[in-house]
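The two complexes that follow have chain A in common; it is paired with chain B in the first and with chain C in the second.
Our next item is the complex of A and B:
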């Protein structure tokens, strides 16, 4: 079953540029230079129930705009959106009862009142029955470990504590679809791990579909099988995360650390291998193409030279994404 | 029904918060009282120099002022949207509102209630009864009902005008100074309409109908029969203006551009 179906979605913003100088300002009074800018440019996307999808892109790539259209906040300029079988903007009030939203930089909770009072207001807003609330939220509160925070006002919580409460607040009505916009921004490692573990749990237990945007690609690595990569409003990759890694990385890198200084001449000459010196006792071997070369190379090197350490470097997702954006690599 | 119970939930939450900031609350009520007192003193000073203002005597004007305070107090308690542009559009709080399954305008009203402003209504009633005693006015039983209808009409007019102005924020994100100006204009409705020139009379009756919050409905209770037609038109204008503002609001929400992160 498709939870999200998006076809040829487009969102344009009108912006006007101002002319320089005072004379320019006067001209702006009468005619303005309008510029149409497509924040989201013809994207199509389907997401099935129970998927966890990472939605990534640079600042201004159109991530937030897409999320805001998917959640019914913004009206699309053209294209069709069906989420949970509804049109988010047209059936807004009915629709938002079936989704949960966390904006990392914006609070859903009431600043001055205790966390549990916020939950209670939300329970009322979403018309959740006492029975459902107690059963479901008891579990959420326990897993996120926020029981001791419930009677504190939000303004007295630390960022990590607040984020966990935000997440719980988005789940008061146990929505089948969850949008998370930068949920781990500014959090320390322990809190991040807790949040990830929790997301995995609700995904398994309730088959909750999760769409996640983040700048922290380790979140995506830990949670999402599928990633959607966005650049200048267009989708440039949509597929498995590990395929992205395979696609993007030309070859592997092996780092040899020798006991003593080793000249270039004592390293094996093999086709498809490039050597690069890191420091006096360390060399990097770059293998292009065949992965079977790895074991051959290692055995050749180790036989001739006394070795201290050997490391096969895998390229991190972060590096891949950086590379894609720098080199403008299209992976479709 | 759901909206009513939601209202009580928010209101009780609001009271809980206010009780923790007791000093603040008391200061706010006192400062409201002070400004109402100043307005009253102004009227008294004017009538030390003249016995009539456009054919109305001192106690009639005081009565109009007292009446005006009641819808104004209700408006101030429930429709705090004067900083809507700043708070919800520029800061992007509207995003949060729109992800919740309740009408967006109603949510904002609930979030911004300021129940302590209701004390102004009590002041208004006291001022009115003082004027009534001086004027020897009598009240029939149905006047109580009419009073409620007129107050609701006046509140709706206020709400309609201010909501309509707030919706400008959906189309233009630049800051405007219309809101404070409107608060000034709204004060004109507290004085007899016939003391102004024709253009201002027209504006206060049909375009920014603040006269329907003060002088027109009050003239019914003052037995000023020449204004009865306008007086009974108060609830109609209220429903009309609130209706227009809701239509504008719903159109505006579709134009909402959101704030960047």
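Our next item is the complex of A and C:
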């Protein structure tokens, strides 16, 4: 079953440019230079129930705009959106009962009152029964470890504490679909791990579909099998994360640290392998192509020279994404 | 419905979170009433009455007008403007409720809170210091409260409209300030409408502002009685219904126009 179905989605914004100088400012009073800018440009996307999808792109690539259209906040300029079988904008009040949203940069809790009062209000707003609430939220509160925070006003919480509460608040009505817009922004490693573990749990337990945008690619690596890459409003990659890694990387790197200085000539000469000297006793072997080469190379090198340490450097997703954006390499 | 009641409760909690505001509010209102009392005593000099109002009636008018203001006055216009400006309205759009309805409920929560914990104790303080008369009949009290409810609705509607203008202007602090002055002036808070020149009264009778302060205060001081009072109440009802139209229009426009500012 498709939870999200998006076809040829497009969102244009009118922006105006200011003319330079005082004379320009006066001219701006009467006529302005308008420019149409497509923040989201012809996107098609389907997401199935229970999937965890990472939605990544640079700042201004159109991620947040897409999420805002999917949640019914913004109206699309053209194209069709069906989420949970509904049109988000047209059937807003009915639709929003079936989704949960966390915006990392904005709080949805009431600032001046205790966290539990916010929860209580949300429980009423979403008409959750006492029984469901106690059962479900009891679990959420325990897993996110926010029990001791419940009677504190939101303004007194630290960012990590607040974020966990935000996540809990988005789940009061146990929605089948969860949108997370940069949920781990500015959080420390421990809180990040806690949040990731929790997301995995609800995904397994309730088959919650999760669409996640983040700049922290380790989040995506830990959570998502599938990634959608966005650049200037267009989807440039949609598929498995590990395929992205396989395709995008020219090869692996093996770092040999020898006990003594080793000249270039005593290293094995194999096709598809390039050598690069890091310092006197350290060499980097760059392998292009076959993964089988790794073991062959290591055994060849080790037989000839005494080594202190060997390290296989895998290229991180971050590296891949950086490469894709810098070199404009589009993968399909 | 229970969610709206819950919202009123939350608003109570929020008001209680800032107690200093609450105490200083009582003080400021009392000072205001005092200032107007002395001003009006000076204006009256030795005269028995001006424009059909005696000094005692005038003092009561001023006190009641200010205390009623505590109930109908709210800051939802500024809140809506702030929520639009910093993009918080986006959060409100993902909630399964009517944003404007929820704002109205918040305003009501604030109003009820202030009526109970602000107007009533404030009134007692004022009655101890100034010669205010509360000998109105039970009927007058009843009509006063009915009228007060309408004045709350009219004022809240105007606040909603002003707040929503932010969708189109992006920054409307000026408009909000102007609105506040216009309401204080044209609603009869600072000066009873009957004191204005004839042509101004004529103009103001076509505007919704006197439904906010003048009518309930006049009913309480018994400056409006009988048929006149019923007509005044009817005019309030008229505005309660009529103002819904621009609100509906503006809101549906605003939703289409909604650009979430700040990312």
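A few notes on this one:
The rule we apply is simple: the second predicted complex is superposed on the first by the 332 of 332 C-alpha atoms of A that agree within 3 Å, B and C clash if a C-alpha of one lies under 4 Å from a C-alpha of the other, contacts with A are read in each partner's own complex, and residues count from 1 in each chain.
Assume a contact is a pair of C-beta atoms (placed from the backbone, for glycine too) under 8 Å apart; a residue touches a chain by one contact, two chains touch by 3 or more.
Everything numeric here is computed off the predicted structure, so don't read it as measured data.
For the composite obtained by overlaying on chain A, chain B and chain C cannot both be accommodated without a clash. Using the contact criterion defined above for the overlaid structures, shared-chain residue A:48 touches neither chain B nor chain C, since it reaches no partner. Across the two superposed structures, the residue set of chain A contacted by chain B and also by chain C is 13, 64, 68, 71-75, 92-94, 96-97, 99, 101, 103, 105-106, 108, 110, 112-113, 117, 120-121, 124-127.
Here chain A touches chain C in the complex through residues 13, 64, 68, 71-75, 92-94, 96-97, 99, 101, 103, 105-106, 108, 110, 112-114, 117, 120-121, 124-127, 153, going by the rule given at the top.
Touching chain A in their complex are the following residues of chain C: 2-3, 6-7, 10, 13-14, 17-18, 87-88, 90-91, 93-98, 255-256, 258-260, 263. Those residues of chain A that touch chain B in the shared complex are 13, 64-65, 68, 71-75, 89, 92-94, 96-97, 99, 101, 103, 105-108, 110, 112-113, 117, 120-121, 124-127, 181-182. On chain B, the positions that touch chain A within their shared complex are 2, 5-6, 9-10, 13, 16-17, 20, 92-96, 98-103, 254-258, 260-261.
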